[in-house]
Each structure stands twice: as structure tokens, then as C-alpha cells.
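What follows is a structure written as C-alpha cells; I'll ask about it next.
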Amino acid sequence: MAVPSYAGPVERTWYYLYRLMCAAIFIFLIAPILVVIPLSFNAEPYFTFTPEMLSFDPKGYSLRWYADIINNDQWIHSIKNSFLIGIASTVVATTLGTLAALGLSRSELPAKRLIMAVLISPMIVPLIISAAAMFFFYSAPFGTSFALTQTYTGVILAHAALGTPFVVITVTATLVGFDKNLIRASNSLGADSVTTFFRVIMPLILPGVISGGLFAFVTSFDEVVVVLFMAGFEQRTIPRQMWAGIREQISPTILAVATLLICLSTILLATIELLRRRNERLRGVTY
Amino acid sequence: MAQMTETADRILTTADGTPLKQALARATRRNKIRAFILVAPLLAFVLVSFIIPIVDMLARSVDNPEVQAAIPETVALLKDWDGTGLPPEPVFAALAKELSDKSKRSEIGRMGARLNYEDSGFRSLLNKSQRRADKVTSGPYKEGMIAIDADWGKTSVWKTIQLTAPSTTFSYYLNALDRTYDENGNIVMQPEWKQIYVHLFVKTIYVSLGVRIACLLLSYPIAYLLATLPASKGNLLLILVLLPFWTSLLVRTTSWIVLLQTNGVINDTLVWIGIINDANRIEMIYNMTGTIIAMTHILMPFMVLPLYSVMKTISPNYMRAARSLGANPLVAFVRVYMPQTIPGVGAGSILVFILAIGYYITPALVGGQDGQLISNFIAYHMQKSLNWGLAAALGAILLAGVLALYWLYDRIVGVDNMKLG
Amino acid sequence: MKHLLKSAGVAAVGMAAFGLAGAASADTLTVVSWGGAYTKSQIEAYQKPWIAKTKDTINSEDYNGGLAEIRAQVEAKNVTWDVVDMELSDAVRGCDEGILEPLNASDLPKGADGTPADQDFIQGTVNECSVGTIVWSTVYAYDTTKFKTGPTTIADFFDLKKFPGKRGMRKTPKANLEFALMADGVPADKVYAELATAKGVERAFKKLATIKNDTIWWEAGAQPPQLLADGEVVMTTAYNGRLFNAIVNEKKPFEIVWDGQVWDIDLWAIPKGAKNKDRAWEFIKFSTDTQRLADQSKWISYGPVRKSSFPKIPAAVQPHMPTAPANFKNPLQNNFEFWADYSDELNERFNAWLAS
């Protein structure tokens, strides 16, 4: 979009004002994230730019907050936990979610709307309600004393439930453009349904599965409300640790953790973007 | 297959002689079952790990076992009491016996906690009576109990016990709507200083609407820019929307604290430029302002993305046509372009509203005293006051609101059309 | 249910891969306290000697008080906490609700000077389900760089004219209502009688309202010194030990005002059904002996609950104790019975008041 050649001066002014406004909005979106990065290298325990930092004096910068993370058992433990819980819940969510998406994409499925509504519900129900409900139920499932609160299993199952809608949605979306004739072709050429699944369907829907999986992973990795209610000390995750830090005493260590998380989200974003493009290319869709 | 017709005299059959209609029905049934088998594991998983817990929690909002569990005999005898004066002697005798039962100790403690929600003082009344009830071993029990605590001689105490005895109750819902039972069982408003939740629900709705409008105002221009730029530039700028979307909620909330606090980056910059002086730093966080700013930022991608995907499909030719027909740019935009974006506006608005109305983390961290929303009070009653029935009742009301919105969203956009990323 | 088990299997494999498997064994205790400088003092004075003596592992966990977590664990029959540091009102309430283990107080060791435990402990610090450790108090402190002549009385805390600037207060009615009434002229010994009346509650809230718009509400004990240090407030209520840590250990320019201090005790308790109940009780007996209680005061200025520990308190810490004569001129003891009854109502009222 450029200024049309026939535009008058008023329109031109408008155009530049509009551009300026957009720039401001983009700054609003991105600045809060970027500002954390330099501050995490602050040599002082403050949350603003010190004069040394502004004059780019190397003395104003340090890696002490990063060293803090490495030397702190609780942070290290929570990082391990976040990955463990994130990966385990993603495996559960992706497996179940992909199967369900395959079923949902079949036109024969009865009561599709209702089933979809149930499957999507973990995404819709406010987290505080989900967390409270899971806390009660997992404390004593079906009145038994087989408590899942304060266990890894409990947190993983809860996170898996929260992550499945994302897998269902992304994989279903991938399957919308899926040519059913490929399955028929495969079957008519003598492949059984397992072979067909792994050799024909899977490669085609893989980008959708992976991006669904990444969504599920991020859901778990970023989740704090369920962890607040259900996890014990043993299962503390990164967000839980950050939550405690922000509420009690914000130390710049949190900024260092935040910076690391921003790096991680950049990598995830890039992966998703590559997958999306690959998916489009494979399906011959071009925009 | 679909256009096959059937006449009365000639029945189509398959190669092995089964009527085609039957074979087809069987195949369809098989396919139905196969499709369902694929969905079943997840359906079962979501039902067990998610839906049942929610139903279970909703049940807690009317569940009222405490008094029954602690003093069943007294309650049974109390049923026949007409509510005037004091209950007859056998009720006191039963109470004295049941309170002195050491094995019921924690039940009585819980009953005290439950009754204390209705009227302060019950907790110590019951604890005190429990400690001394075993001294009242013979009649007259009425005098004995009143000697332990004069409160046992009050009609209102007995009426409260009688009212709180049934094993289900609506009193948590009433409480959640700032109402309560008076001692005769009529529904009345809570005293003014106790009225909080209706106001909170209204406030939550206003904040969610405010955030929604702020999101829309900020998202519309940039979604338009993204949709009309050439793909290469557009995709690059889209990253600026997607990066916040993918960044941890807590990171973004931390960032806003760093930016907005009294000695934060923005205030420091303003002081340094000289716009404000050091003594008059602006309070932008730990209040409603902070909550709205941070929530708008966090929820904005949920508005930009649906808007963008709708705008992407609008052909620029409509605008060109309008212009060439003599409309000025503003008119062309408002009359021709904007109406076509309404599906995106609707989708984004409902999505943002649904997410905002149940928000917990951000208000809890940056809300201070007046930026707390209904979710924060649910958490408070879950974790601090331990009034789980009230938490469940508040949650049920919130859930009903969200489900209504979800239904609306499904009607307008369709759940299957939900796009991510 | 099948899926539950299946995923449990997945989780177990995952855990083993990360080497995180293995729950609490017999010689691991989970000790829960309030975090920050306070937990550090307990680690130094109680836990390190205990670990040296028994080779146990101790997990130190933080919480912000209250009974919610304990009740949840007990109801779920999955109690992972072994020893919890509690406020008196919570310990009494927890005992009444049956979620704390009853303790056999006659087992407590004699004082170092041979005094039997029941006479050595200050009265009211050993209860059916809990054993006291420290006397602590809620006081207020101000930033000395902000005032030429600082505030000296509790009334000054509410005087925005004489001492302008932001205040910090704990986000709970407890202690705040007492402060408000004392500032409004109610003598310490009449405070709870006044608060038990509707008029008194009204009066307390009215007084609090005079500074409401200038108050930042904190929740965790580590916050108020931080708020003072960051310049977010000019004066704030806080636990005296946290202030001691900021003033003495971190050399912050704060000054404590002891007038109208609300003092209370903290106690050890064991949640009902704790996995290492017996070990936990051993730990409690060990940590509340004369020497351990005296040692703790080296790290934080909370007073021991054993009389036999007093002479062993280092002289340098003596003047920072809530019970030091110079500080103990106008004290108010937190009335746990009052709060057991009225905390529901007053919390509700306080929240409504905050949100309005």
C-alpha cells in the first residue's frame, strides 16, 4: 500500500499520520518485550537503565543475574520441571488430539458439533475455574484416595487436557485441505490402514501435528494457574517460580529468565512459521 | 452412490447378493464407528480429566454437609421445632451428647467454620462448647448448655443452625449475589458493607469491554496495514504481532511492571526529559490503569489475527471502484471497506472478551487494590478464606457467562473456523 | 481410567529420564515457612545443626500463611508437608478443625538451666497441636532520608499532613484494624473489646480510610522492606525481623517505630497424616530447645519463647527484640480468639472496602 499518485495533500498528510500511528502501535506491542533484554544485563539490582548503561560503559553491564539462575537450585529445578511437564503433557495431548482430529475430519462422525464443543472446552473455560475444579477433583478422584494433586502425573494430565484443543484445532485445519483420494489410492494399492497412516497421512499432516504440539507445549510451559493450585514444591515450574518472584521481591534474575524465555519463544515462532510455509507448499496453497 | 434410486420392483444388490441399501447402511455404520473410535480416547480423556471435575466443582456450590455430619441427631430433632423461643430439652440433650463426642472433633470444627460464614462467633461458640460439653452429663441440659455459653439461649443461634442444616443450600449463590437468608429464611440483601460481588461482576464486565474496545482501536489500523502491505513486508511486520503472542504471559506482565512502576523506565524517562518532576511520578501500575494496559497488550494478538485474516480476503478492487465512482477516501473506507470487516471484528471482540472476563494472573500481579477482578476473588476464596462453596458459586456464575459468550461465538464464527497463529 | 494410567506411565518414564523420580524417603523432611530472611534464620539456627546431627535432607518450602494448603493436603490424604511454621490463630483453628496432629507437649526437653519445659516456655506458646518458636511483632518503619524528624507514634502513621507520602500495609484486616484504633486513641488493652462492637469496626475502617488512597498493600513478608528500599513508600508496616535484616544486615536507612506494636507468636505444627510425623516431632523438639531458639536471634530479631534462651541472646541483638524494655512500652498482643471468630467477617468486609 503506497500513496496513490492522484492523492491530494490532505490525503498525503493522512497517510503519513496513519503510518506514524501504526508505528506507535507496533512499538506498544514489541517494546515491553524488548526492554527486558538489556535490563537483564544490568550490573545493579535495579529495574531501570543506570547512567552507566546509558553511556554504554561496560561496567554498567554484567552477567550476574544469569549466573544467579545457574547457581540457584530452585531455578534449575523449575527449568527441568517445565520441560519435563511440558514434553510429557505435549506427548499425551498430541497423540490423543491427532487421533481425534482424524475422526473429526470424517463426515460420518455423529454429533460432531457437540463433540467438538466438549473437546474445545478446556480452551474456553476460564483458567481459574479449570484450576479450581481440577484441584478438587484430582485431590480425590471419584472419592478415592488416589490423589493426583502435588504429583507430576496430576500436573501433566491437567496440562495435557488444557493443550488438547490446540492440537485438535490445528490438525483439523490441516486435514481440511486433505485429499481423501490419496487414502483410497493407497488402499487400492494394497497398503493396510496402519501403513497408509504412517506412509501417506502422517507426512502430509505432520506440519499441523507439530504446530499443534508446539501450541500444546507452550500452553503447558506458560501455564501457572493450574500449577499454583495443583503442584507442590517438587513440581514448581518456571512460571510458578516467576510468579513467586514477582509477588515477593522482583530481583533482576526474573528479567534474565524472561530474556531466556523470549529467546525460546522466538525459536518456537520461527519453527511454526517454517512449518506453516511447508504446509502451504505441500498442499499447493499459495497466498 | 448418492444418486442411486430405488424402485419397488427392482432391488439393487451388491456382488454377493446383499441388498445395496443394507450394504450401504452397514458401511456407513462401520464408518461412523470407526470415526467415533478415533475420537473416543480424547473424548474420554477430556471428560474424565476436565468435564467431570468441573461438574464436581459446580456441585460444591450447593453442597452443604457440615452441620449434618457433625450433629445429625440434634438436626433431626430440630426439624420439628417451630422457631419460637428455644428448642425443647431433648434437642439440648442431643447437642450436649454430640458435642462431647471426641471422635467428631474435626466435623464439629468444620461445622463451626461453616456457621461462621452465616454469623461471626459460631466458631468459638462451638469450639468452647465442644471443650466443655462432656461436663454436661445430666439434665437439665438446657441450663447446662446455656451455662457454657449464653449464646445457646438465643433463638437466633438455633434458627441459624436449623436453616443451615439441610444438605444442600443456595446460600453460597445468594452470597455470590450479595444476598443472604434472614433468620426466617427470607432472601434479603447483605448489609451494605458486605456487598461486593455484584459490583465486582459489573466491574469485570466493564473492564473486559474496555479492554476489548482498546484492543479493537489499536488492532484495526495495524491489521489493515498488514493486510494491504505486500506479502514480504507484511509477513515481517506480522512477526511483531506474533512474538508477543508467543511470549510467556509472565514475561509480558514482568515487562509492564518494569516499564510502569513508580521508579520504572517510563517514569524515569519522563523525569529525565523534564515533563514531570521527581516528586510527581505518575502511578501507572498496581491499579486499574496498569491492569487495563497490561491486559490490552496481552490480548491484542487475539484481535489482530482474526481481523487480519478477514481483511486479507477483501479485494482492493471494491475500494478502487468506490473511489472511481467519486467517493472520497474516508467515505469509501467507512461505507465500503469497514462493513466487510465485521466478521473479523465480531470474532476478535468475542474472543478478547471471553479471555478478559476470566483473567486472573495479570490483575493479581499488577492490579493492586482496585484492579482485582472476579477471578481474583475466586482464587482468594479457594486459597485464603477456604470458603470453597462460595468460590464454586462465583465460578459457576462466571462459567455460565463465558459459556453464553462461547455459544454466541460458535453461532457467529463457528468453532471449527477458529484459527491459531 | 485406562488413559489416566497410560499417561501416568508416560509421566513415570519421563520422570525417570530426567532423574527426578523418588519421592520423600524416610529421612527427608519438608519444612514450610514464610521465606526470605526468616526462613534463612531457621535454616541457620535449626536446620543446619539438625542435618549435621542426623544426616537428614530438609526441603525448605515457602508459603504466605493460612490453612488452605494444609487443608487441601489433608483432605486429599496426600500430605507432603511435615513441619509448618504458623501464626497462633491459624494453629488454633487448624487444631480445632482436626487438620493438625496433636502433639505430646510433655515430651519437650527441659531448658538448659534445668527448668521443666512447661515452665520454661512463655505461657500460651505450647498448645495442643503446636509448639511456639518466636515472638514477633508487626511494627512500622520509615525511610529516614525522607523526613527531618521522623514519626514516633502509631498515630503519626495515619497523619498524612505531618508526614506526607505513600504507606505500605499488609493486605489483611489483622493488625491494621488494631493499628487504626490505637491511632484513633483507643488504649491497647481496650482494642479488642472495641473491635468486637459494630461501632468499633466502623471506627477502625473510618480511620483506615483516611490513608486508603495513599496505601500500597503487601502480602509477602519480604515485600515491605523492598517497597521502602525502592522508594515506593515512605513508611510501611512490616514484621520486625524483616526490618532488622534490612537495617542491620543490608544497612538500609530505615527506622522502626515500636509504639503500638502488635505482637504474636509463631509456632511449629505438623499437618495431620504427615508422612514423617515422628521425625517431624523429633525435629520440632530439637529446634525448640534452649540453644536453638537463642541461636536464631543471631540471624533475625525475633524473641525466643523459652525463658532459658533469653540470657543467651547476643547483646547486639537485644535492643532490636520486640520484648526489649525500650520497645515494649505500648504493645498489644494479637488476640487469636478474636480473630478465629471474626476473621471471616472482617476479611470479607476488608475486601469489600478495598474494592469499593
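Just so it is clear, A, B and C label the chains in written order, and each chain counts residues from 1 on its own.
As a working rule, a residue touches a chain if its C-beta (ideal position, glycine included) is under 8 Å from a C-beta of that chain, and two chains touch if they have at least 3 such contacts.
Not measured: the values here are computed from a predicted model.
Put simply, the chain farthest from chain A by mean CA position is C. Contact counts per chain pair peak at A-B. The central chain here, found by comparing per-chain C-alpha centres with the mean of all protein C-alpha atoms, is B.
For the pair chain B and chain C, the distance between C-alpha centroids works out to 32 Å. The distance from the centre of chain A to the centre of chain C, with each centre set as the mean of the Cα atoms, comes to 38 Å. One simple way to say how far apart two chains are is to compare their mean CA positions; for chain A and chain B this gives 22 Å. Within chain A, the positions touching two or more other chains are listed as 92, 96, 135, 157, 160, 247, 250. Counting partners per residue, chain C has 3-4 as the residues that reach two or more other chains. Within chain B, contacts with two or more other chains are made by residues 41, 45, 49, 261, 263, 382-383.
Looking at the complex, you find that chain A touches chain C at residues 80-81, 83-84, 87-88, 91-92, 96, 135, 139-140, 145, 147, 149-153, 156-157, 160, 232-234, 244, 247-250. Residues of chain C touching chain B in their complex: 1, 3-4, 66-69, 71, 93, 96-99, 171, 216-217, 230-232, 337, 340-342, 344-345, 347-349, 351-356. Taken in their complex, chain A has these residues touching chain B: 1, 11, 14, 18, 21-22, 25-26, 28-33, 35-36, 39, 46-49, 92, 96-97, 99-100, 102-104, 106, 108-110, 115-122, 124-130, 132-138, 157-158, 160-161, 164, 166, 168-170, 172-173, 211, 215, 218, 221-222, 224-225, 229, 239, 242-243, 246-247, 250, 254-255, 258, 261-262, 265-266, 268-269, 272-273, 276, 287. Chain C makes touch with chain A in their complex at residues 3-4, 7-8, 10-12, 14-15, 18, 20, 23, 30, 35-36, 59, 61-62, 72-73, 75-78, 80, 219-220, 222-223, 226. The touching residues of chain B, when paired with chain C in their complex, are 41, 44-45, 48-49, 105-107, 109-110, 112-113, 116-117, 120-124, 127, 130, 193-196, 199-200, 203, 261-263, 286, 368-370, 372, 377, 380, 382-387.
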